[in-house]
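Structures follow.
Two complexes come next, and they have one chain in common, chain A, joined by chain B in the first and chain C in the second.
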Partner chain A sequence: MRTRASGRTVGGLRSLSLQAPAVTLLLIWMLIPLGMTLWFSFQRYNLMMPGMEQFAGLENYEYLLTDPALWRAMGTTLLLVGSVLAISVIGGTLLAVLYQQEFLGRGVARVLAISPFFIMPTVSALVWQNMMMHPVNGVLAWLMGLFGLPPVDWFSSFPLLSIIIIVSWQWLPFALLILLTALQSLDDDQVEAARMDGAGPVAVFFFITLPHLKRAISVVIMIQMIFLLTIFAEIHVTTSGGPGLATTNLAYLIYLRALLEFDVGGASAGGVIAIVLANIVAIFLIRMVAKNLED
Partner chain B sequence: MNTSRLQRFGLAVLAWSITCVIFFPILWMFLTGFKTEAQAIADPTLFFTPTLESYVAVQGRADYFRFAWNSVHVSFGSTLLALIIGIPAAYSMAFLPTRRTKGTLLWMLSTKMLPPVGVLVPIYLIFRDLGMLDTRIGLTVIYTLMNLPIVIWMLYTFFKDLPKDILEAGRMDGASTSQEIFFLLIPLTLPGIASTGLLSIILSWNEAFWSLNLTSSRAAPLTAYIASFSSPEGLFWAKLSAASTMAVAPILIFGWLTQKQMVRGLTFGAVK
Partner chain C sequence: MATLRLKQVAKRFDDTDVIRGIDLEVNDREFVVFVGPSGCGKSTLLRIIAGLENATSGDIVIDGERINEVGPADRGLAMVFQSYALYPHMTVEDNMGFSLRLARVPREERRAKVLEAARVLQLEPLLDRKPKALSGGQRQRVAIGRAIVRNPSIFLFDEPLSNLDAALRVQMRIELARLHEELDATMIYVTHDQIEAMTMADKIVVLQGGVVEQVGSPMELYHHPRNRFVAGFIGSPKMNFLPVEARGVTTRGVEVTLPGGGVSEVAVNGAGSRTGEALELGIRPEHLLLDEQGPLAGRIEVIERLGGQTSLYVRMDDGIVTLTADGDVAHAVHDRVRFGFEPGRAHLFDGQGQALESLQRHPLSELGRRDSRADPEAGA
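Coming up: the complex of A and B.
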């Protein structure tokens, strides 16, 4: 009995020492910046006016929450996240079902279709903005010309839609990749049995495939939400948040406050809001992963 | 019989058309890299005489290989560090679990949920004060911490798949923890470790929030170099395409190789 008990403590100690570096580093990585953001958000602190720092109470929050730019940016963020989610999840589900069917060259087609996910964001944004969407020399303008349509100046007429298209192009393949993997564990016999009973492809999709994908779809939604909430590079290299505030999301607004206006206090208050929003989503995701750890 | 064949054919046509639309921008970028600047902005055509002049020009315009080296240095360096820190941690979680293990794993996952923009200001100020702005070391540290939860999580799922008796047998023969890790665990789970490493390299290579905000010239990786093409006076499509093709090619190949195992890391084991 005694040896077993001491064996357990030794094991516990060993396990602790092996985890210590990882846990310590992540703890520092999380707590220090988080604490600083929180602290700065209550300070009047501008990098252009050194030595003028003082406690500001809720002033930064008050200023931010009454600023129409914040609400505009929140709306843009929601629109961006919502549209990309809808496109990538619906598109990804339909494509996963399509790529699950047998056809000539399926393996190659799958690999090509998930490729955009591996392209770095700055490349995707610039290739789309210039070579695809350019109003004079872009491929889309040429295509529309073939049909006798006037070319569209995508980034001046529909700036947010243009960003949505680019970001969806990157994230639909992510949804496709995850959902294809999830589909592989679908029981073929079950589908076969349903077919025998006279279920058509539409019925099979709604009553067998979709319920089977339910969990994978919610994982995709949550992971994408967390990343889409702070889309940055695609906006930075194409529109810089403009024209006006048309494509400024929450992340870009914070960036503008911090590194262009040097308003540390205001940017930190924005940062706290972004963290709170991300955490609302994160709680659900973590709960789900935790459930999965048990079985 | 006939309709089913027709259906099959229709299915293949549909699937391949969609594939072509999705892949088109990448194909177009690849082709444009072999055009002259004049051909690049001319009406689209698949037929042209390929030239390497843009590839040569990219190296001449700005030192392409310096940026590429920064990318390699930062992504491989951070991946190696994350594996060195992550393997012992994942080992202890998989083989010496305690009551706290599950909580620790979930907490690590939660650090990944912190939006980078929320901590931009403090990280920027800390980096400024430590003289780490625009250094490869600085970016390497950030990427290590950024990927550590995913690396540990992914390694944990691979380690858990290993039959327990194998390591048990090693322990019976008197192997120490480090011997167990080096001579049994690592060789036995090498494919899993490799795909974990590749995912970490891909994520670091493509990361474009910290690289755009924390580097300017000396330590700028390829994401930042490509972003420099966005200024109107610097915009040449053939050169942009050549530089982009070189920047994405290795990662695209890594991605193709590990797509299956990667799902584990990207979904934290929630989808298998």
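Coming up: the complex of A and C.
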């Protein structure tokens, strides 16, 4: 046990008892749902067959892990998360540099650029579905018509790409907001020193701006990853996971199992797999972020 | 070889004139210090020379070539910033070699140049550290090293010592003077600290409100300030100013009536002054002498004993006069003292604050920090 300079021990009985309520509450908050999910995942439990619950062993897992839909959904999840992350981080960095420049109406432009983040996911999905990507009424179809191109039915021709576009549109402002704030803390003297050293705008970006943003970028990646792993509303509103399984991610697969097939056991097994996946990602992520924050 | 000329350089920000038409000449290998109170435009002037700001009008000429339109990187200058502006994610070596890396200098050559600069600045053991792991003085030296590596024609320093503590500042001051000697380069140095200016400069440029008040060697500014502002700004503690009245002009100077009725002579050219004209007498604390027969009198209000010297703050009828006396003066607070001065040590300023010309030039007033008469170039 460490001791403070004053000689009092850290983590003594008194401080432990003061921390206990919060820690206990958090534990209950986490352990009960986790325990229930684990419990259900070992049960044969279908809502259509009440009273038939019984212990199933690893049957749910066996069924799930041999189901090609799971692997497809995992792939979709990773592709969705990866693409949105790439688009929002790269786009956000470039936009942040752009909005850092002085120009007329910069304040208004910044607010406009950040506003998609304030729109709730279901609404933005509906807006994209009915006003942007609609093959008849959509702005994109109209734009393509201007060039004499046939309209595209986005959600049936490029379902996953459409979802990626919608989700990126929502999350790019978040990356922009964080990165713009980080950019404002960049010391002007450093940029000027680099200019005196012979760095042009591109060299300043790669040698000064980007290293300065490294920490903020890793924070953006971590926070976005947490939310992007569980994307649901955009898929539910637009494609309902289809066509086929083209846009079914892990979260949506669990929903399909639990609330369309009423297979609570199978869905719980899916939930456990999602937890494992999230933890694997988290381990890599936290290592990366921790290393960045150390520097 | 590097000379710099400014011709009528002016700078406007929106509606404010920051620099109002400055003419200046900086000779090869000269150490020039821009000094002035904050907001006088000295940093802006340096940034204009560096190319980080554009001059609104006027010409900037380096070695006979007008460089107004040349970018900061291509002017062959290097600048040391007040905040050091080190690149936090690079090691000391990478910081110093950054300009060479951008210029695509091969790795071996780059390393050799960085090592050479590190040797001059005694930075060799720190080359692998990041700026975060350095002390203030070390960061300062890395910033200077980054400038040296570029081998610039002119070094620019923007208040480089103001973030250091007092002891370190004295040490770095000496180190910079030594560096100037060793590199034999032209340097322009901005500071608000007149002690830095006095100790390092070959030539001081005193700026106020975007105008050059006076240019000259440190001793010239000290002994022959052109006006009341320069007189008050150069020298520490500050020069005392007393209202006096001209009594008459003689061949030895101007006779003035001092506050309290005493009469004294000041060795300046009084050709333009009338009898009865209100003038201002300027006298430095170190030139006031305790003297039982002196023409000035007052009561000591505060005594500061520094050991070697003692500062007396003497209350006169219209204000406090500072007097620097020997460390052994036995006076105590509330004593009445009489004091005077040598006629050649005092200055007179007219109603516009302009100095009346001294009858005798001080023998050291043409001397820079380096004796220009002993310039190695003259012999070589």
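A few comments on the model shown:
Here, the second predicted complex is superposed on the first by the 255 of 295 C-alpha atoms of A that agree within 3 Å, B and C clash if a C-alpha of one lies under 4 Å from a C-alpha of the other, contacts with A are read in each partner's own complex, and residues count from 1 in each chain.
FYI, contacts are C-beta pairs under 8 Å (C-beta built on N, C-alpha and C of every residue); 3 or more make two chains touch, one makes a residue touch a chain.
Bear in mind the structure is a predicted one, so any value in this text is a computation, not a measurement.
With chain A as the common reference for superposition, the partners chain B and chain C occupy compatible, non-clashing space.
Of the two partner chains placed by superposition, only chain B is touched by A:Leu34; chain C is not. In the superposition on chain A, contact is made by A:Gly198 with chain C only, not with chain B.
Rounded in steps of 10, the angle chain B-chain A-chain C defined by Cα centres in the superposition reads 80°. Using the contact criterion defined above for the overlaid structures, shared-chain residue A:Asp189 touches chain C, although it does not reach chain B. More chain A residues lie in contact with B than with the other chain of the pair chain B and chain C.
When the shared chain is aligned, no partner comes close enough to touch A:Pro159: not chain B, not chain C. Look at A:Gly92: by the touch rule set out above, it reaches neither chain B nor chain C. Judged by the touch definition given at the top, the superposed model places A:Gly241 against neither chain B nor chain C. With the two structures overlaid on their shared chain A, chain B and chain C come no closer than 8 Å at the level of C-alpha atoms.
Interface residues of chain C, counted against chain A in their complex, comprise 50-52, 71-74, 77-79, 81-89, 98-99, 102-103, 146, 150. Within the complex, the chain A residues that touch chain B are 11-12, 14-16, 18-19, 21-23, 25-26, 29-30, 32-34, 36-37, 40, 95, 98-99, 101-106, 109, 111-124, 126-128, 130-132, 137, 139, 142, 169, 172-174, 177-178, 181-182, 185, 215-216, 219-220, 223, 226, 229-230, 232-233, 236-238, 250-251, 254-255, 258-259, 264, 267-268, 271-272, 274-275, 277-279, 281-282, 285-286, 288-290, 292-293. Chain B meets chain A in the complex at residues 8, 11-12, 14-16, 18-19, 22-26, 28-29, 32, 40-44, 85-86, 88-89, 91-93, 96-98, 101-102, 104-106, 108-111, 113-126, 144-145, 148-149, 152, 177, 202, 205-206, 208-209, 212-213, 222-224, 226-227, 229-230, 235, 237, 240-241, 244, 247-248, 251-252, 254-256, 259-260, 262-263, 266-272.
Contact residues of chain A toward chain C in the complex are 187, 189-190, 192-199, 203, 207-208, 211-212, 214, 295.
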